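The structure appears below as structure tokens.
Residue numbering begins at 1 within each chain, and the chains themselves are lettered A, B, C and D in the order written.
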Amino acid sequence: MTATLSAESPVSSVRSERIPVAVLGATGSVGQRFVQLLENHPWFRLHELVASERSAEKTYAEAADWRLDTLLPEETAGMTVKKLGAELESVILFSGLDSSVAGEAEEHYANRGAVIVSNSRNHRMDPDVPLLIPEINADHCAAIERQRKRRGGKGYIVTNPNCSTIGLAMAIAPIQQQYGIDCLHVTTMQAISGAGYAGVASYAILDNVIPYIGGGEETKIETEPRKILGRWDGEKFIDASFTISAQVNRVPTIDGHLMTIALSLCNRAELRKSTPIETIIDGIELSIESYIGEPQRLGLPSAPRNPLHYIDAEDRPQPRLDRDRENGMSVSIGRLRPDPILDLKMVALVHNTIRGAAGAAILNAELLDAKGLL
Amino acid sequence: MTATLSAESPVSSVRSERIPVAVLGATGSVGQRFVQLLENHPWFRLHELVASERSAEKTYAEAADWRLDTLLPEETAGMTVKKLGAELESVILFSGLDSSVAGEAEEHYANRGAVIVSNSRNHRMDPDVPLLIPEINADHCAAIERQRKRRGGKGYIVTNPNCSTIGLAMAIAPIQQQYGIDCLHVTTMQAISGAGYAGVASYAILDNVIPYIGGGEETKIETEPRKILGRWDGEKFIDASFTISAQVNRVPTIDGHLMTIALSLCNRAELRKSTPIETIIDGIELSIESYIGEPQRLGLPSAPRNPLHYIDAEDRPQPRLDRDRENGMSVSIGRLRPDPILDLKMVALVHNTIRGAAGAAILNAELLDAKGLL
Amino acid sequence: MTATLSAESPVSSVRSERIPVAVLGATGSVGQRFVQLLENHPWFRLHELVASERSAEKTYAEAADWRLDTLLPEETAGMTVKKLGAELESVILFSGLDSSVAGEAEEHYANRGAVIVSNSRNHRMDPDVPLLIPEINADHCAAIERQRKRRGGKGYIVTNPNCSTIGLAMAIAPIQQQYGIDCLHVTTMQAISGAGYAGVASYAILDNVIPYIGGGEETKIETEPRKILGRWDGEKFIDASFTISAQVNRVPTIDGHLMTIALSLCNRAELRKSTPIETIIDGIELSIESYIGEPQRLGLPSAPRNPLHYIDAEDRPQPRLDRDRENGMSVSIGRLRPDPILDLKMVALVHNTIRGAAGAAILNAELLDAKGLL
Amino acid sequence: MTATLSAESPVSSVRSERIPVAVLGATGSVGQRFVQLLENHPWFRLHELVASERSAEKTYAEAADWRLDTLLPEETAGMTVKKLGAELESVILFSGLDSSVAGEAEEHYANRGAVIVSNSRNHRMDPDVPLLIPEINADHCAAIERQRKRRGGKGYIVTNPNCSTIGLAMAIAPIQQQYGIDCLHVTTMQAISGAGYAGVASYAILDNVIPYIGGGEETKIETEPRKILGRWDGEKFIDASFTISAQVNRVPTIDGHLMTIALSLCNRAELRKSTPIETIIDGIELSIESYIGEPQRLGLPSAPRNPLHYIDAEDRPQPRLDRDRENGMSVSIGRLRPDPILDLKMVALVHNTIRGAAGAAILNAELLDAKGLL
């Protein structure tokens, strides 16, 4: 946290010296996004690249099969990749590790004093690990103190949610905060990039939809939002009480997870007596458009101006047209309308590899920095 | 109807003379499917092709931009297209007309004594027009008598449902018949062919999903199944009482509408007390696999052996792999499992231009023939 | 056996007992096509399935991740997979093995007396191994005698060409036979199925074209047609003398390799003096349409009626519309027109996994059987 | 031309007052790109939007179905669209008009004193209309004087080439300038956006390639480069003398035309005697990487730093990965290697709607401004 930061003034975007950071799992698809988004970051300086034994000691250009549509930053191209487990010098370790190794590796570094900002699923539901979406639950950082105590040092882990969860949780946050949600159905149509570069064979997905995603995707979507929209009571996380039912699909889009949502509000009988559904809908649209949180108040460098965009058109949001709004850091919402069974239905979209993965983690790290937790 | 047909014996598949039929809207995408499926039909002989003024007097090969992946039948290629409104000689008129002209044109021919078997939406909800899925509601043909009376002749209209409705109604029919359905949510992922050849621009759908389909698609899906699964009381149709909420999407697949479904059963509180959900699910899987109806009992030429296929795999059905089962005439179902909010969730798939359009209409015509209604 | 077949080798299409055959590499994409195409084959009976250690001793249903759009034949599903290298009982071994193991394994079985009909590239250019396209060079089977001698037994290997080569060689065969070809440029646009199921990641190819295919694809296309269109002089193969330049691309189509071809004829100066280019083109179109070879003369079960289809339309052939003509066994040609630099240009299409792979091998085996070479 | 511009110093990028410009055909796909690229342009200010009668008098937001993945600029959204033919106040008229109306409309405005910078094909080959690629033939602006004389005023038309032509001409320019080209074969794989938003139906192109593009695409590619790489002799354009043979294809990519090229050099016999082909290739790679022209020398705002990128990788350039280099204004080249028939073969890529259309026109206008021709 810099000296210029105070409760009243936004975070300075000028740094005399940037914080050295590392990327764990740097050659994978999430790792490459980290590398891309950290280029020219005003607060962080990419200092170390870490990957599996196979990549270690190679230059990053040799080790990574760069697949993004911007050029591999030249400076990074020449950096030598370190082996996972090696001693590291960075203050923040961004983890895009595969879940098969992330659990142990993140634990290892956190116990040695590093701040782990992880996109992996392994520690998301740990009882003292914040599952952060800074616009929603920046106050969950309070759990860090307890976690540090457990580890007996200054190291700790924070995580960001599953890519679809982020879209869903952000889309419903203003509704949950205003009315409370009782239950919701969500059907996702997820982009192929969510599975990593080689995760979905073209023969499997061209001219096709696969109504299934492995790794417990539906369970993540059904459980993570309850932690995110719940609260830290000083000792433990208390889940929000709504129920979610998720049905996931892989569709032939490159980036951008689209989802249909239907939900019922708390106290719906009373509520509907007092308020016509159209009035509720108008109010929610306004709440969406005006929604801001800590990242906006603190002026974090990666924060979107508006984390939620309501698009007033009958056929939006659409992945290709809307995923890149605010550099991929905002969630787009549309088609909010009455549901004949529950109360409301709507459509939401999140850029799964930016807001839903690497960008989310970087925003988390910025929050930690701004809150003086590094 | 042939002499060999009786209540006891199946319909003969040998005909001394086939019934002459016409296709209205023969150059469009549904019309082309009609032409394709009627080639070598054992009961029907394609006798007349009808289209708009623009195509009239041309040969079919000139008028139609043939887009199917089988060759245009040679005999048909040389037939001269007649103008919509012209006097026709055929006994059955299959209508693939655009809804902008179907309403009036079908009325015109029905009032002049023709049997209209229509895929268009215009007359589906008319009070004496059957909305047929022969496996489910063959007995709705009873309304034909009343309709004929109204028209004062032997002509009438029968219709098949919207492409998504057919998949949905068939998938839930065994559940509705066994337990009764209280309400259901459905999210569709619909193929581009559902919009006709030029209906979806490639620039609109490549690397994209569009969470909207025009023409009242959601309303059709929310209302048509209630008529189909309802009953004819001798005077009018009585809708089934369940509520449907539909959210539709266009995805970049060529053929095959996939949908996720979540539903609650009638009397769920009592039911769940008496029967574990796993037992209910096992029973429904069996009902799906053994489901048959009039087309199977009558041995109609286009009837699938099994109208419903339950696929016991975690990632099926999939459009490209399963849409062509039983020549595209069966509906595939998978992933039947408990829903944490309602009772059950599952995935269903229908070939939208075969079972969901032209094939459905041809099966309807076969039913009419077998029932002596021509 | 029909009366119209030639006196020397009348092929019966009715068999009292079908020949037992095995598929090597049965779980891969070519292997699955073999299994699909061999179901109900009139001459061959699928008797053994062979794959790597990982699949051995499992049932085929367990071992193979079946990806074709027809159902896995039930009988085959229950067969136990044998390990590559195991002793086999079949007369013909169809090989869809990966080139990393095909070389040695095919040699092994051929030296033990088996007839190997291979789709793999390893032995294609061996000096006594026929590289067969039965319509073009059925007489290359004469090399088998020499190969048997070398191996000291009745076993031998025959191969079919690379998938693109088959399309190219068949498309130019009538031109080569009528005029002789001096040189040709070919640019291919190849479907993803050519790389096997997991060969092309969807992230690599959606909304993209890759101007490269590994495994020496361009070299194969530049060399194999010269052997195919060359001749066996009793001792060795003499290559045809034309030069080919190939540029290959992977495009996001599922099946069907499309290619643009430009070529110059032998003795073009003289030829052009005597014959207008339009006359040459008309003649070649006729040659294409009437082209037949040994498979047609012998009535082989998998032989297309017309191995070459000339499509007289300005925008054809197209992969999705034309790849399945004659069950995928014919090559489609279109847009034959003058080339301002060489003499002619045109477009050709081959179904890469049927005519270009498994179907080609099965036709080869039928030829061997009809010629009494088993 | 601004006062700060001189032969020695680059163009100033600061303007006290920006030049008012109009977009003709503003609602179409090229028109929308113009609107997008002109937002915040340092020299030009979007002042008028012109479209057909159907759009006239509506706001741009109402009239245009905005399809780009950036947001419609707010200021522009509210502008009222003028009718084609109306009197205009702008100094430059960018034309993205359909060729069915462009010919006459552009003539109309040019004869009334406006500077037309057109992307349409109608006047490209006119004898005194420059067909500009500023890096190659900025000196063709000399024809403007003659054209103005003909029109009897200060108005005139300049054009940019067809989208594929731009990629081809830029890719071969350094070779033509260094060695001279004798002839070349090009096969294009063109993105769907080249046909406008509704130009290619998804049903036509998904899982497909169409080996044809209407509107004389092949002829344009065969003729336009000869004008571009030719010279203005003070009276008329003298074409470059090489011959081109083009074969075009539409592939399912969104943006980016990829092409394979094979070419022979002038005096190849002599050349090859004196210089090994590898040396020639190395030299050309260097020429490509160091290639610059007037836009770079003048520091035009839309000029890419390097108009040509040589990518030293066996599988590049690729549309999705490389089309956006330098904001879509550079052409990427790869796989330069010997051709066994001609001399060289290679692959080139151009962003068809930026460098190949709207971006090209804007660069042309910047050139005119910098040269004092407004």
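As a convention for this text, a residue touches a chain if its C-beta (ideal position, glycine included) is under 8 Å from a C-beta of that chain, and two chains touch if they have at least 3 such contacts.
In this text the structure is predicted, and so the values were computed from the model without any measurement.
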Among A-D, B-D or C-D, the pair repeating the B-C interface (over half the contact pairs identical) is A-D
A-B compared against A-C, more contacting pairs: A-B
If you average the CA atoms of chain A and of chain D, how many Å lie between those two points? 40
Computed distance of Cα centres, chain C from chain A, in Å: 49
Would you mind pulling out the distance in Å between where the CA atoms of chain A average out and where those of chain B do? 43
Note: chain C residues in touch with at least two other chains are 67, 206-207, 252-254, 320-321
Topology of the chain contact graph, where touching chains are joined (line, ring, star, complete, other): complete
Which residues of chain D touch chain A in their complex? 67-71, 206-207, 254, 320-325
If we count contacts the way the header does, which residues on chain B are in touch with chain A in the complex? 183-185, 187, 189, 206-212, 222, 243-245, 247, 249, 251-254, 258, 260, 262, 314-321, 334-335, 339-342, 345, 347
Using the touch definition up top, name the residues of chain B that touch chain D in the complex. 29, 67, 192-193, 196-207, 252-254
